[in-house]
Every structure is written in structure tokens, then in C-alpha cells.
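What follows is a pair of complexes built around chain A, which joins chain B in one and chain C in the other.
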Partner chain A sequence: MRALCVAVLIGLCATAYGQGGAAPASSTTPRHLLAGVKAFKAQHYEEALVELRIVARAADAPDDLAFYLGPTLYKLGRYQDALGVFLGSKASRDTLTEFYLAQTYYRLALYRSARAVFVDLRTRGLGPALDAAAGEYVAEIDRGYARRPAPVVVEAYVAQGLALSDARLAAAYLDEGRQVDELAGTHRAEEIGWQLAQRYVALGDSARARPILEPIAAGHGAHAAEAADMLAKLP
Partner chain B sequence: MIADLCTPVVPSAPDAAEAAEYARTADDARTAGDTRIALVAYRKAAELGDEHAVVAIRELCALGSALTLDDAVALFKRGELDKADAILATLDTPGASFFRGAIALRRHDGTHAEAYLRVAERDPAYAGASQTLLRIARRTGKLEGVAFIGGEVDTNPHLLPDTPPTGDTATPATDGNGQLAVTTAARPWAWLALRDALVWRKQATQSDLDYLGNTASLAVEDDRGPDHVVIRYDFDDDVLGGEMYLIAHRATLGYRRDLAGWDVGASYSFRVRDFQRATEATFDGDVHSAEVTSTVHASPTLDVDSKMFGWRETTEDPLFTNWTVGAQLGVRVRPRDRVRIGATLGSWAGFYDGLDPNGDARHDYHADASGEVELDLDDNVLALAAVTAMVNRSTIADFDYWKLVARIGLAFAIGGP
Partner chain C sequence: MRRLAVVVALLAAPPLAVADRAHDEMSEALLAQADLHPSPMQLPTTAQAPQHASANSAVKRGNGPQSANAQASSEEGKLTGQANAAAHHAANAARDAAGNAQSENAKQRAHDHPHPPHPTH
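Now for the complex of A and B:
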């Protein structure tokens, strides 16, 4: 499966680089992007990361840099960095990037999030090899969650989310904690939701913050008034 | 490790602008503590003629290898605890805390183990394993105690501990008993262990077999690296049916080597037994024992033990003086977080100096099997259930016997600091 991912990635990179040829002739960005892709293809992932970091700094960096940078970080085992790149990208993700995102969630033990992406990918349609691989991941996660998770699992995700200073990563862990809370029946939805909503607001993601804040504001919990106040300030 | 990035740089055509891009990327990585990426980028800059990069490479390489969690874990698996701990101390990650906790446990340092594991359990990847070790940490320390209360059904209680079988054992009479066992251990220094194990067994009907056994031990241990050496002395004084039964001394020299995923060991012990009652005086004598052991850590939840052993037992009556060789295979499984299961299967053959009724040398064949389940009910409370079965076949019919023991009970374990 890995070989397939690399092959597909390189094929798409070559296409992307062809489109990148339209960049100003004075820019070194296409050269570094191509060097990064070549290094990735040769499995020289550290070298690829150096090249792609130079690209990331450039004013004419492609919007879909996450497509290259995320898998490189994933290959280097820098899963939190990879997740930050995938989630921080404003470009719409293609199938392969989504697959890498799901694998990154899985490597970070964010299993519910990984499962959601794998299931969505399979619903939208994957090639036979990736579909089989996604199916194996989903089955593996379902086996792990065949029994009700222990409260300590929820606590671990929440603690990790609260400890992370990067709001995007913190939100990923808190969201996982919220999903596992539903399965564990630990009834911490409001507490976790309040923390999660604050991260979404910090990221300027009102669309995600609003549906979490609304039930908290409508309730009688400890954060009802603060949630209502925050809702009122959302754009 | 960074040795592969500290080889000489081969220069190419100078390009100051490009070199500056790589040098800037390298500086950012170096500031973030990302040594390998910094070196990869500095090497690119140095190839393109950046002098600052050449100096930076020299500095980073002079600092030596950037050791990682994987390096520390590899050392931990080989038993190099001091070296592993030194690396882990430089890594501020949940994984490093988890393995520092595991190392503290190996050193019987329950307080530090709990502190490290509390940090590690906040990471989902280590939460489950940390919870398991935290329970052990609360039973571990320089002072440790275990109290067991339970009962067993024994089909052949006449088969006494540490005593050759007599003719009584060929016609067994089942009896039940209640048991209380208390084990305490102290480790005032890492190299010294003091231990005392007291067992009291009260028979339901055969009160002449009521047993009170005590074993006091003093051990000098070297556990600092992959080679483990122990020199131990044990003193036993046992009471049977209200009378002094056995006084025994044992000296043991043991060695174990931790390899990655595999431990091998060997030991020799010399035991002197002095039975106090006239009925067992014929068993007085010495036992020289030796064994070679192996444990394969097949997976995080499965250990496979095997050992070959032999002994020379001398008694006053040559009918009980023997050479014995045997082997045992065991597995230890942790199928669930709070459950541990162990099972063994063993056999030995004994060749005796005394003669059987046909005038031939007596020889015995023995087989035994056991199974045990431990369930953590709480941090300090365990439920235990065990079954042991054994059978002995001898060229002298009086020494044929079988025995089945089923035991159940609760244990309370505590340790600290």
C-alpha cells in the first residue's frame, strides 16, 4: 500500500509541478518543490522536508503545499507536525491527502477521527488497494472499540488536548475526547465541548464553534452564560 | 543518531543566495532543537559555500549523537537501565516519562515510578500501559509487603514441602485447609535485599499436618546493567503439627543476562537440610541444584519461560539419594489490563542410589502442571486462583503418587516509598 501511495503522490506532484511552471522565472520555489518531490521519491524524507520548508517560506508557495509537506512529515514519523499541516491547509484536500490525514490520525491514536475520514473516503470511492487498506484500518479500530472504552481513555484525550498549546492540535485531541466520551458514556460532553469551542473560536472557525456552543448556552451548565456571550460575539 | 550527517561535505558550485535559503532553514530547525533537519540543511548550505554552515555542522557534530527515544528503549530492553535513563532524562516527552517510570519500577523506586507514569498517562498512546504500571508502582518500593489469605483443597497433603515422598503419599486422603501467607521485603540499598516469607496452613481435618513455614533471606544483588548477579542466603525453620520440623540453609549464586527480548540465566544452590523429628531424620543431607533458564518476551503480553535443571540430593538413607534432571516450560499471558495468567508444564527423571525390591537401582519419573490466574481488583488487592497437578511413577510402588491442589484467595500488596 505504501508503494502505491508514493507512486500516486509522485504522479500528482509531477502534474502539480507542471502547473507550477507558471511561477515567475526568478522564483526558486518550483526548483525547491521539484527537489523536495524527488527527495521524497528517493525516500530521502529529511532532505525533502528541508526543500519543502524553503518552499513554505516563499511568497509564491503553492496553496496545496500540505499535499507534499504533510506526507513528508508523516513518513518522518512527525505525526503531530503532519496533522498540524493537514488541518492548517486552506486548500481543498484530494483523496490521497485525505488518506494520509486519516493515517496520521491513526498514528496519533485519534482513532475515531481516523475512522470518520476512512469511512468518508470509502463512501466517496477509492481504488481497490486503498479501499482495502482503509477497510482494514476501520476494522482494526472497530475491534478496539468493540467494548465500551474506559473513562481513563476520555481523560487521556482531554488532558492531552488541554496540554497542547497549538489550538489546532488541541482541538483535534478534544474532539477525539468528545467522540470517545459518547461511546464511554462518561457524560462530559458540555465540559469537553466548552474547551473545544474555545479552540475553534481561537482558530476563527465559527462554523464549528457555533453548533457546540448553542446547546451549552441553552442549558443550565456551568458554562451556559459564557457560551451565550461567546455565541453573541461570533461573526 | 547523527553520525551519518557528520561526514565530510563535498562542495559544489557556490551560490550565495541558495546557500542562504538552506542556512536559514537550518537555523530555524536548530533553534527548534531539530538537529537532524538542521544538519541536512546546513550540509546543503555548506555544499554551496556557506562558511557559517560549515561552523554550525562542526558544532552540532561535536555535541555528539542526538539520542532518541528509540535508542533509549533499545537500551532499556537490553537491561542497560542507567544508560537508558540518562538519555530519557534529556527527552521531555510522555514516552520518555513512561520508560523512566518503568526503569524506576525495576529499581523498586515506587515514588518516582508513580510520578513519571502520572505524566505518561496523559498521552493516549501510553494511557493504558501507564495505568497498568501505576498499579504495580503502588505495590513497589524499598519496603514491600504482600499478605495472602485463602484456602485450598489438596488431594495429598502428606506430600510435604521440601521433603522426599514417603509411603504415606501413595494412598492419599484429601483435605482442605485455610492459608495465611505474609511476605515482607526491604531494600535499604540497591544492592541489598532482605526478605521474609511466612506461611501458615491450617488443615481442616488432618491437624498433624498443620504447617507453619518461615524463610528469611538476605541477598546481595548487582542489577545495574544487562548482567544481573545475585548471591543469596536463605534460612528456613518450619513447624509441622506443632513440632519443629525442618531447619535448612541454602546458598545461591545466580546470574541473568538481558538480551533484547530475551533473558538467559543460570544458577547454582547448595542446601543443607536438618529434619528435627526422628521420623524424617533419614532425609537429612544436602542438595546441590543447578538450572539454566530462558525467558522470551514474545510480545508485550506474552512471555515464554523454559528451564533445564538438575540436582544431586543426598540423604542418610541411600533409597532417597538421587541424581535428577528435568525441564519445565511455562507461559505468562496478560490477555487484559488487569488479568494475568500463568501456566507451566514440567517433568523430571530421578535416578537413585538405593535399590528397588528387584535389586535394581530405583528410578522415578515425575510430571507436573500448574495454572494460575491473577486478577487486579484494586491498586492493592488481587484475587488469585491456582491449580497444580503432579504425578510420580517409581520402580518402587510405595513412591507412586499423584496430587491435585486447587487454591483460591485474596492478596493485599503494598509498597513504598
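Now for the complex of A and C:
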């Protein structure tokens, strides 16, 4: 019995305080996390980022690191980095993380994406302050799109999407372009969709790539054959 | 057995407690610091491009949040300002061309009308 207790204790120690490895798990990770949070609270965002970067490198980094890191990057004005963190996180996002994601979209002028997140948040239920704020954002975006957007707006998003090397960010801009294309009536769905699908495939996101590729492959457009080929290769 | 339970609790509790505390405090800060009022929306145009605030710059340069915010507003128009950039490039190109022409003219003048050497002091 005593031997069993000792074994259990050793196991617990290893679990709680890390077992080494490529990225060392350490008992200091929670302390750095807390230090990062305290710095964020004090609006010392650079300091918060330093602490959170240490946490990010640790093997025992929390799954929801985006909850801390995303808003910190947002506050530093590093909106693309923040978006990358939010979109790259595999942890399920809570309300506050989603709210900061929506704000990040807004700051990057990805208004349709921002609107979708704000609307979804309001549907799911927000506290009074955030609900009112989300309502203001949605109203502002609706005002901006009260008139049909000019084709150059679509072009701007597409150009930005094509210019970005990060597939996740590129997809965000191309997706925005696709949504604005519908509003603008510029009929560039296939062309933009083809580019977008390629980014999703690069990200291993077949679930998003497939519904975009299928109509392209079924059509007679310039990318029909390539889309069919790509569809056939999707897992 | 009871002693084991106590030890287990002691071992597991601190990191969990700190993580919970961090999450609670961050939630509080995120609520307090959320931007509740949107800045005016500005649709991008092709003639406009992002003045991309270098992502690392604020931290690397040790700038404070104030300047980071300034950067933020510059990046906020991620898709704005390409026209300015293009105009800037065009102006630079024109300036370079003018400079080159001036320099060529000066060379030509020097060649056609060589000045006497400056007296040395």
C-alpha cells in the first residue's frame, strides 16, 4: 500500500510540475501567466506579452492561451498577430475571446466577419455592457453597408488576401472579399472562392474547402478541372 | 490513505488555483478594457493599402501602450492608404529622376564650363 502511495505521489508530482521534454513544463508557468494577467490589468501590454510568450513556450501552457495572448496583441495594435492567435487556437472560445476576436476583425476592416461574430454573440447572450457594444458595432457596420459597396472594395480585400503569405490571414481577407462580393454584385465568387479554397486546403481545413470547391468543380469556369482535382485529393 | 489525499490536494491545488485566478482576473480585465464604442467604419478601396504597423515593433522598440495605440490606429486602416503609398513612391521616383537629371546637368555644365580650381587655404 505504501509503495502504491509513493508511486501515485511521484506520478502526481510529474504531472503537476512537468516532466521535462523539448519545451519544459515548469511550476513557473502559472506564475508567468498570472504576471502576464496582472500586467494586462495594469495596461502594461508589452510586459504582459513578454510573460505570455514565456507561457506559450512552456509544455504546460494552458489550452486557452488565446484568451490571454489574443487580447494582449490586440491592445498592442498587432491586429493581424491577434487574429492569427485567435484563429489558430484549437481551444473552444469563450464569450470574451469571441468578443475580442470580433473587435480584431473590425480593426482590420474585416467588417462582415466582425458582424457575423457580434451577431452570433448577441444571439448566444451577452452581459448588458457587451451586448450594447456589440449592437453598436453591428449598427455601424450596417450603416457602412447601407449602400451597395463599390467593386474596388472587393478588389481591396482580394488584393490583400493574395498578398498575405500566412494562409490563415489570407483566408480571412479572401473570405471577407467573398462576402462583400455578394453585396457588391461583382460576380467574382468563383475566382475568389478558388483562391480561398486553396488557402483552406493549405490549412488542412477540408470542411471549409469542400463546399467552396464543389460548385467550382461542377461549373464550367476556368478552375473547374483544377477544383475537381483538388476535391478528389481532399481527405 | 487520508494523508495521501491531503498530499494530493496540496500538490494539485496550487497550479490550479493560480490558473483559475489568472482566468478570473483576465476576464475582469477584458471586460473593463473592451472597446465598447466602434470607431467609424472605413471601407477599403484598391487605391488604399494598409499602413501595416510592424507587429513586433512596439515590443522590440520598448514603446509604451500609447505609441502602440498610435500604431493601432495606423494599422486600423489596414486596407487604407495605398493611394498615399503610391503617391509617395511616385513622388520619390520623380524626386530621384529630378535629382538624376540635375546631377547629369551639373556634370554636363562642369564639362562645358570647367571652373578654375578653388584656392586652397
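As a convention for this text, the second predicted complex is superposed on the first by the 209 of 235 C-alpha atoms of A that agree within 3 Å, B and C clash if a C-alpha of one lies under 4 Å from a C-alpha of the other, contacts with A are read in each partner's own complex, and residues count from 1 in each chain.
We adopt the following convention: a residue touches a chain if its C-beta (ideal position, glycine included) is under 8 Å from a C-beta of that chain, and two chains touch if they have at least 3 such contacts.
The structure displayed is predicted, hence computed values, not measured ones.
S.K.: Is A:89 contacted by the first partner chain B, the second partner chain C, both or neither?
M.R.: A:89: touches no partner chain.
S.K.: For A:140 in the superposed arrangement: first (chain B), second (chain C), both or neither?
M.R.: A:140 contacts chain C only, not chain B.
S.K.: On the A-aligned overlay, A:28 touches which partner chain: chain B = first, chain C = second, or both, or neither?
M.R.: first
S.K.: Under the stated touch criterion, which partner chain does A:54 make contact with: chain B (first), chain C (second), both, or neither?
M.R.: Touch status of A:54: first partner only.
S.K.: Does chain C touch more residues of chain A than chain B does, or is it the other way round?
M.R.: Touching more of chain A: C.
S.K.: So, A:43: does it touch chain B (first), chain C (second), both, or neither?
M.R.: second
S.K.: Could you give the residue numbers on chain A that contact chain B in one complex and chain C in the other?
M.R.: 46, 49-50, 108-109, 152-153, 155-157, 159-160.
S.K.: For chain A, which residues are in contact with chain C within the complex?
M.R.: Its residues touching chain C are 5, 8-9, 12-13, 16-17, 27, 29-31, 33-34, 36-38, 40-41, 43-46, 49-50, 62, 64, 67-68, 71, 75-81, 96, 99-100, 103, 106-109, 111, 127, 129-130, 132-133, 136-137, 140-141, 143-144, 149-150, 152-153, 155-157, 159-160.
S.K.: Under the stated contact criterion, what part of chain B meets chain A in this complex?
M.R.: Answer in residue numbers: 17-18, 21-22, 24-26, 28-29, 36-37, 40-41, 44, 121-125, 127-128, 131.
S.K.: Within their complex, state which residues of chain C touch chain A.
M.R.: Within the complex, chain C touches chain A at residues 4, 7-8, 11-12, 14-15, 18-19, 21-23, 25-31, 33-38, 40-50, 52-53, 55, 58-59, 62-65, 68-80.
S.K.: Per the contact definition, I'd like the list of chain A residues that touch chain B in the complex.
M.R.: 28, 32, 46-47, 49-50, 53-54, 57, 108-110, 152-153, 155-157, 159-160, 163, 173, 176
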